[in-house]
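Letters A, B, C, D, E and F name the chains as they come in the text, with residue numbers starting at 1 for each one.
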């Protein structure tokens, strides 16, 4: 994410939380009082967003000293310190919640992704994200997926040709849709198409598809699809993937497994900030 | 949320997803082709964000016809139609994912809130949200909480005096922190303070607290706190609240129960859009 | 005011004044010429906005050296130096008018506020501002009021419950309006209501008002209101307050006196900048 | 003022006042309740900003009906209706203060300008404004000056060559500064120079000045300056102009009189809004 | 281009040209005067940007009536009317130059592109643009290329893998760079690589390149490259392409020819607006 | 150009080119790899935009070291180094194209302007630009004209009174239009009027024009105009000026020659960046 865009998101977040001022702190903390804050993990996690958190503190007060013991992508355990910040106590308190809100959400995505990745170890399958992200957060959330060991599918409608059921209906058939995309899309793209049956898979391959997405196929059919294509083109499994079934899906031999839940349903991991006045 | 701010969020989201263009649709859908899209619930849910979804479609193309059969706050069942949109097919496809991303996330919050509210029916307790929201989404997410039957705690640091452990440490004692806040905060605010023990509760009441938050107290102590205050001031339970324990907590007689998970860990509810070319 | 918002206001102001360039300076001042500017008070005043003025100079040229001998909130006399700036002469001249425009206006508010505060010394009354501020300047102007020794009323419609005549008309009666507000506003707010007569005062207190505003009451009635409430709840005098009558109003024993003129009718205090080429 | 810029100012103002919501109205006014508001003059005034006020109402709710009986620039008396707005009552109440804040300030400027213009009737002098405006409001305030019968001096540093004392010091002499400006400024500009004595006036004319500003001259000297130039070039009086002395200054025969107080020290004129629920 | 982004560009352009007001028109055209403007071609051209021009007029005044006789992509001859606008005369004059500036520039690009396309008729070659566009105008300029009959290369660094000499130097060899890109770029992209010799071409093909760019190759070598690859992968000619040599280059049998001059050196085509007062 | 506005343009340009990331570099360049880039002239040119180019590199990565051997306005020959940048190699590659796009375009304008200036050496004529600039680039392009030795005409509609044919038609006659402008435009402006014949020139002078533009006059008539005015007022030649005819036009004795092609049809000058990994 370009720093300019991230700055705007952080400013928006701080304005939303601080607004006309932190009225509790202005009553209870002496102006100029110094202190230290430590963000601590309260459960095991894969870290993501630590640089964002640092920028939140700096956006409130550029003179805060921020120390980051672990890099993004690291595993942390309960009790590990994730960030230390020293300086104006009122500034630390004003930034605390916004910094945690970013950090807990992004680390939640990295941690969940990592759980999926662990389940497919030893297979050829890569765990992919989708476009089911929080609006305005796509670059941040896709970076969190990479930090958790996953891979990114296309970033938007602009950087990948993926023919889905609705396009097939509009074009008339898989063959017609593929033909149109192969003719008129830029020479820089491969063309991927979504199929639901083995017959559609055959039609897609005959029409020249470069990649095929197997949508909501059962394990048996998916395995048949893998056998039928013999590795000539990449196959992507999609639809209804969970931590419970992802291992079996990977075992069919598919190349790619895309999981919407990585970004649309990851829960926040637990963290808190402890303050020590100077 | 003022419509100007929402417009900016929607534009950002669309630019993020569409960028330099929807290359698949431009290959496979004829320019000017018309069609209809229907967003359908794929599980039971409480609806939130339906007006946002409509604005997403209008932001892509102001001439799309959008029909909304159910209002925000309604319960819907699997198979119910939530939104119908008619017009330029390419515009509908370009807006689809962004509209769903807003709608699934906000309805997820309303649905989870409603589950908490159901658990405390018949008690005096109100379910409250917290400031643990997605940065940039506070007004939207707090509206979703209300649609699910919950109540809003303060919107930010600016519109409520809430003395937490860190403020008490900084001020020196509960008494000192409360005294400072009662003296210097505006006459328009009540003063709430967080306590962890019954002794602290006594100290808070003696010092003039208007509201007390019981932080991470066990059920037994919480019940004792309720008996001790006899309804003279509102008590708020906070920390570690789940669907499993919220009923028992409400049964202690507390007035308010705040739940971070409403906004930081709600999963997206399942929906999809079906397209029918004209 | 968050520095991001202030930066935008300063940039807007500079673009408005400088636009496509300072054509007089580019003709008459050699490129690279150095100099010093001193902003001097031309009448007694209470200083406000000196940090804004410094930021104006830095927004034009980050390398200007700015020295500020007096802090915001200080009293200054005619002839006192308020700010010294050294560096690129063309940059100093380009920033001069915008810096002065901020400084004279904000110091005008602090100075007028201070005159009101002086008039009520020795009474229990606090001087409050209102929402009658220059659109876009609320945080700056309310800060200037504090620097002049005044207190802030609510910052907007979002951070205080104040039931005015129009709300009473809409709700049907003082009692109904108060009941609704006590029931449904957040537990973090007190509820204030505006009354015009002693009968309305009695109704307000009976209905549970936390604070009462006495709107345009004559001195005699106001004194009766104070006697009747005996300090049980804060009373706020409002409407038609001037430097001439504020002393008598304070003498009635009211707790709060709100004055729209502090922000809507303060005149600019007189200052000028003297330049010395290096 | 381009409508895009005005829209941004109005949005900023509304966000500043409404923020996360009008909590009093949401408690006391039924959702969907209709009503009418009338803005009424409470003293004689010259109207300015009535279109801005209308846009404020529309920015809150585009469906409000707004009727404007008087055009900007009209004189109004105490009790005259200036604006009527009908529709959603909560929207009217949310917009009320922001609309009035614009309208009272801008009409204050038009009214004060008009008082100056009245004082110079029958002379050749035009009343001019200055660059001493509220930062961010220059176009609005200069329009209010015109509505009051005044004329605009340059809008900023970019659209007029005005050599002031500081430029003369930097250039070395009046003659040198004028020579440089005549040589290198665009052929589209006249060159104005500020002088304090008759000797400087002679020097300025000899060096080719197109317009001369007489800075803080006493009446006697000013009259001598007028006699000496015999109408060959326009003369502008500046510095310390008040409603008390402007008549005498105009009587000297100067062409232009610039008055900083028009924009930096006009007080708000008194108005209020009365609400009638439907 | 999303209309939101285009709106911002148009507003910026109008603010830049109109600023504090059109002072000539305000002196010479009566307020409210009506009229008609016609934009006329003064040389043969391919039209591009006509919708942008219409939006410019609407951005100044939403009530202007705009009629567009020819669609973007049409050929026009000297004397043809391209746009008719009716309504407030001052608004038409204020928008004129900005509308023409967009229209002449974009039509210039479409016209130049069309000249290149004409030169390669009858060959298999497509004319492509590059990233050598005016910063901030990429979507507009690439659309103009399509209107002239050309095709778009990648829109930016984000939507196409193109390994250029600098990447090869950084990676160590063509083979290493290709291997890295094939391994780690998304499955949605093809990989293109730039070569300067036939040996490099062989290396690229052996390493699995999907597309090869022939950089600054002479005609003879280029023809050899075509023979050697026998149509198995697309070849793109690049570097030093002019209207004079593009025909010979196309005759070698390359698939794609990219031309920087389409966007970085197209001259404006000649147009003017004629006004008729009503 | 105020740095704030330039920053926005640069950010827009970088977002447009980099978007969701430089996917080629991320595959082929090791994270953290260092290197050096040199921008080299590939033909003789007058340099403009070198500070913009530097800011582009800094906008991508503030830690890049940028060395600039030549200042804007310098002449450079083929092979001359124009900029050297050292640091993170991926950042240099991400900024390369945007930096070059600014630099080649602005230097193209300066170079073309300089060619015109060379052609009129030894005459009294100044080469002026027009308002025919790229929307959003006016300040940058007018600065490039100055760097090439040209002069600026007005920057927009706001800072110069120029009565063109359309204004004359609207006002009724040259005399009426001039009279109106002399009466009501600010005392800071001269009034320029466009004429096409000697009769119109006489009318313009009789009516008090301060400057006259000779629109599309042939050389013979232009020379007659110069003789007739005898240097009393400046004359500006305009319309159809090329490198071929500008010398003859200057020889007629006109004071000013305005050339739209300087900004609307300058071609990019040729440059490239060479990279050296560290």
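Note that a contact is a pair of C-beta atoms (placed from the backbone, for glycine too) under 8 Å apart; a residue touches a chain by one contact, two chains touch by 3 or more.
Fair warning: this is a prediction, and the values are worked out from it, not measured in the lab.
Shared contact partners of chain B and chain F are A, C, D, E. In a homomeric contact, the two copies may use the same or different surfaces; for chain D and chain F, over half of the interface residue numbers are shared, pointing to the same surface. Distance between chain centres (mean CA atoms), chain C to chain F: 46 Å. Averaging Cα coordinates per chain places chain E and chain F 22 Å apart. Annotation for chain C: residues 18-21, 138-139, 155-156, 158-162, 186, 189 touch two or more other chains.
Residues of chain D that touch chain F in their complex: 151-155, 158-162, 186-190, 192, 211, 234, 236, 255-256. Interface residues of chain B facing chain A in the complex, by the touch rule stated above, are 9-10, 12-13, 16-30, 33, 35, 89, 93-94, 97-98, 100-102, 104-105, 108, 131-139, 155-164, 166-171, 177, 180-181, 183-186, 189, 260-261, 264-265, 267-268, 275-277. Interface residues of chain E, counted against chain D in their complex, comprise 11, 14-15, 18-21, 59. Listed in rising order, the residues of chain C touching chain A in the complex are 2, 4-5, 138-139, 155-156, 158-159.
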